[in-house]
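Shown next, in structure tokens, is the structure this report addresses.
Each chain carries a letter (A, B, C and D) given by its place in the written order, and its residues are counted from 1.
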Amino acid sequence: MVNVAILGGSGYTALELMRILLRHPHVTLVAVTSRQEETPLVSELHHSLSGRIKLRTEPFDADRLVQRGVHCAFGCLPHGTSMATIPALLEQGVRVIDLSADYRLRDPNVYAQWYGESHADLAHLAQAVYGLPEVYGEEIATAQLIANPGCYPQTAILGLAPLVAGKHIDLKQIIVDSKSGVSGAGRTPKLNYHFPECNESVVAYSVGTHRHAPEMEQVLGDIADAPVEVIFTPHLIPMDRGIFSTIYAVPRRAISSESSAMSQAQLLDLYRHFYAKAPFIRVVDHIPATKDTLATNYLDVTARVVRDRIVILACEDNLVRGAAGVAVQNFNRMYGFPEHTALI
Amino acid sequence: MVNVAILGGSGYTALELMRILLRHPHVTLVAVTSRQEETPLVSELHHSLSGRIKLRTEPFDADRLVQRGVHCAFGCLPHGTSMATIPALLEQGVRVIDLSADYRLRDPNVYAQWYGESHADLAHLAQAVYGLPEVYGEEIATAQLIANPGCYPQTAILGLAPLVAGKHIDLKQIIVDSKSGVSGAGRTPKLNYHFPECNESVVAYSVGTHRHAPEMEQVLGDIADAPVEVIFTPHLIPMDRGIFSTIYAVPRRAISSESSAMSQAQLLDLYRHFYAKAPFIRVVDHIPATKDTLATNYLDVTARVVRDRIVILACEDNLVRGAAGVAVQNFNRMYGFPEHTALI
Amino acid sequence: MVNVAILGGSGYTALELMRILLRHPHVTLVAVTSRQEETPLVSELHHSLSGRIKLRTEPFDADRLVQRGVHCAFGCLPHGTSMATIPALLEQGVRVIDLSADYRLRDPNVYAQWYGESHADLAHLAQAVYGLPEVYGEEIATAQLIANPGCYPQTAILGLAPLVAGKHIDLKQIIVDSKSGVSGAGRTPKLNYHFPECNESVVAYSVGTHRHAPEMEQVLGDIADAPVEVIFTPHLIPMDRGIFSTIYAVPRRAISSESSAMSQAQLLDLYRHFYAKAPFIRVVDHIPATKDTLATNYLDVTARVVRDRIVILACEDNLVRGAAGVAVQNFNRMYGFPEHTALI
Amino acid sequence: MVNVAILGGSGYTALELMRILLRHPHVTLVAVTSRQEETPLVSELHHSLSGRIKLRTEPFDADRLVQRGVHCAFGCLPHGTSMATIPALLEQGVRVIDLSADYRLRDPNVYAQWYGESHADLAHLAQAVYGLPEVYGEEIATAQLIANPGCYPQTAILGLAPLVAGKHIDLKQIIVDSKSGVSGAGRTPKLNYHFPECNESVVAYSVGTHRHAPEMEQVLGDIADAPVEVIFTPHLIPMDRGIFSTIYAVPRRAISSESSAMSQAQLLDLYRHFYAKAPFIRVVDHIPATKDTLATNYLDVTARVVRDRIVILACEDNLVRGAAGVAVQNFNRMYGFPEHTALI
């Protein structure tokens, strides 16, 4: 059994993690921390866990967690707080899967530019592995620190990887138009997420300024081994969960000798071949809906040739595949469990 | 033209009032107050009013409002604040339609019991008229201070009035089970009204303790000229607007000589007769849905005989009929305009 | 391994059953029948099962199912069709868990009265066991034919059982006011369930005429060993899943020597004691929300003393606890697996 | 007073038209036709109109409508049916505002290509005026036949018009990514629009094949006086009403002498200047939400410079601005009423 702690247990990704881990046959959940002054029962923070977990939340204390035999911690803390908290565990040999953004951007200058503060843990930043199993699967297995990927970037990266890897598209003309359910905004009440404000409404936000754009560019750049630029527009959709990304790309002419564009059939074949060994990526013929992936770790993707463009349609559940599910997928790789354990 | 001020312009009922009043041919909106320190444009608080209103919000100042010729103020302030604010206007002759709960309960002891503080304006409390046009229509016409009714009570009172007036039911065995959209909870962000908390969920709240219960009992008591008791359970429904009340009553045996219960046809006839002159009460044969009344000032009602009970089904838009619309209906009566002005 | 067939695979309860059974370590899903003329892949009917199930739907053929070694069939057929289909399997020794209403009402006259047709399988009707594990747990273990309970009745029956069993309430004055998500209406498109009709709206339906009322009365009558009468009003709520029932009961005076009503604490104690051994019934102090039970087999319940009444608040996921989940709970009892297998 | 008939009264646009026209001080609604065999009351088809309209629906009969003095008909019939019905009215001098697609595409070959049937009324097609007041305002005033614009095209056309008119962008690199509420799909129940299918889900549809694309290209081509190409992807959003279009365009280098891209401020100035006299187009600084335009005739638009692209964000209510509202705006122009009559 692997002894697991959850850091920052009051939000939605922590809840989703606990739901999954309570089903995991090789996990013992030994601690859930929270910065709340009272130390409520976890089941008081999350009524849906009534009768399922007896732990009381506790303040973060690295030594105490280590003494209680924690092998692995899942970090569900806000960025900034995460890099101030996690080093104490890493230094005592605990493995950490960090769901915040703190260890995702390799270049601390990029971090500072997008997150507005200097990176406070350069040593561990250099060792962190970006936790996208379909791209960095081998490094994940042996990593001590996983930077679990952002919800939006997974749809963009996995939606584009087959085309970017083969340099089938213009790397400077990528547009990612994403639609997300409201749980992606977290559990802290704000006017924008107040039910009567966002229900029955659609709105774009952070147009050209969303922090997930550099994350997409970094990983797609790794895959392409060349710089990639992404125009990214996220939208808020009146639903709890799910991200649907519509991605527009311009094929490079050289890809086909017979015609100016890749054929529809070639396109889907390329995707099927690329993801042949990825159990959680489903390349489908139909246009997938976010509901097809609801509460699962699957990412569904298809692609269409439209005039002289390629339009990719990718969707996932933002809390499972987009956060807690892929974190457990990473965990399974780190500890040698079958990749789908607790995820089916 | 009647010069109108809105007190407390940042919430949903204020927005709805402005939408209606901007259509009113005899109203000039001269001021919108807000307790916010900055004095934003009204259209910044409510983007839907962009291009429709040029006023900037301002701090409340009774003298200044009077100097600018305000004849009538609509109070959209929280209870407690309302009774601390409105007297200064009343004393200078301004007529006030107060949408808070402060002047609804005639007995200050009942107020103190349910609202947890002593009433601070007994003088005006004694003069206030409860603003339900179908019940107190004549007093409203000449009132200086209107206590605009609560959203839930209107469905209960108007749903029960024909039966209570004729003493057709047991006044001590009334159950009101109400379902409300989330806008009824106001515009202040709280966890309970955070989109991912209340979307895709139903929950009861304030079971047996909701402040609208004594309001129902007071007005139904007036109609019956006898004490009335109500068991009231409100529920939160994942939608913006609308209240649906399902009301259970026990008929008194004496009402029909031939049978032990009123017939279905007699029941609807009783309602149609009772509301023959009420333009905004629609007695319908079908079971109404809240959507039938969406964004209108109508209250739709029907009733059914079920075994030995009467089940009444009444619905309305909580922001229009339940608040801003009935406020304008009261305003029209106060100033002698046709009752439906700006409400169709 | 138990070989399982699903009869009628195109609807929501069948989908939910497959989701659960695909996780069940002791089940092999060998056939999914459908009355559709084409025989689509199951994953074409339900895109969410892409990559998870390779079966193609097939027409129902009892002999062929038996030849392929089916031990147990879950019937997801409409009432009427179910009792015309299932006998052929029962006669060849297959055990059946029928999710339709056909075998729920013990008295064929009551069936004929509420369902508008004579019962066509009186022989098996007499043997059927009502599949509510918390009430008929022992009979379920050895049954060949289970009449899986309706979604609404479970909230009413389990919400009332502790009070009815102890005769703590007046059995003739029970009101059940239920609120259900739209998936309860099935997957066949109709105007009432067309998105823009039922979204942002609440409406009651089948007032005093819903077929789940006699089911509640039969089972509560068994528990009380006396006739029970229920006034039942279902409502349609704009959400996918979940049922919330608000139940009003009148305590009998004799229950407490000191006071005229049972105390709040006594009430919850009674419930906790009654359900001490029921792993899926959670008696909670707070008012539960349907979201607390989303996609789980839990039924959450609490109760409140309000004036001289008892108000019970019970909720569940209508597709899991209300249908597919309790079906698997029954299956686990029938085959001796731990009750929660595949349900956590 | 203008005597008005509604052709095809059972759908959502007809309902919205009636709501608006019942407020119009210069309109008498004299007939509502329907192809339904029974001739129900309009208020039976639309419960929200209970007590507001006494007309019974009737079969379409051009002579009878003319005899009853109909001056203007609003066509809410499906495409195909519309062009088979409307000529009989036009030939007797009735003016028609057709909300179907039948008279929108000037070139009958394009119509045949996208709608799969030959155009059946070439004579009137040649006379039809595309009813977008901000573009064809003068022609509308004197037209006998208005082809009321599609819902999506208005957001695309009005969102792009200032840039296209001035040739500020590459006319062959336009991407329109639109998100629509479900009412846009009409009132006929289908599985795709069944509540539990589309609630809590986002999906793209008609990728590269939606019939509104040629409509956008035709009108933008008129404005540019040059061919325009649009990649258009519509999405279904779980809400009743509203369209949000996110539009990506590539600026032409020549537009600014100092820099390679138009500045943000220049961009908004361009829009404000272009729409200075358009009362229903609101150029806003903030990113608009569909809810800002809910149930109004406003189209809100803003634009952002993102890297080397322009991103335009435009939204509207699909039933009002996108259909019934703009139809009445056209009507007001045709009969010389102030443009906003009945629309505020």
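Here is the rule we use: contacts are C-beta pairs under 8 Å (C-beta built on N, C-alpha and C of every residue); 3 or more make two chains touch, one makes a residue touch a chain.
Note that the structure is a prediction, hence the values are computed from the model and not measured.
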item: Farthest chain (mean CA position) relative to subunit C; value: D
item: Pair sharing more residue contacts (C-beta pairs) when A-C is set against A-D; value: A-D
item: Distance from subunit C to subunit A - Cα centre to Cα centre, in angstrom; value: 37
item: Rounded Å distance, subunit A centre to subunit D centre (Cα mean); value: 39
item: Of all residues in subunit D, the ones touching two or more other chains; value: 181, 197, 199-200, 238-241, 288-289, 291, 294
item: Subunit C to subunit A touching residues, read off their complex; value: 22-23, 47-48, 50-52, 200, 282, 284, 286, 288-289, 291-296, 298, 300, 344
item: Residue numbers on subunit B that touch subunit A, as the complex places them; value: 12, 181-183, 187, 189-191, 193-200, 238-241
item: Contact footprint of subunit C on subunit B as seen in their complex; value: 175, 177, 179, 181, 197, 199-205, 207-208, 229, 231, 233, 235, 237-242, 244, 246, 248, 287-291, 294, 304-307, 309, 311, 313, 315
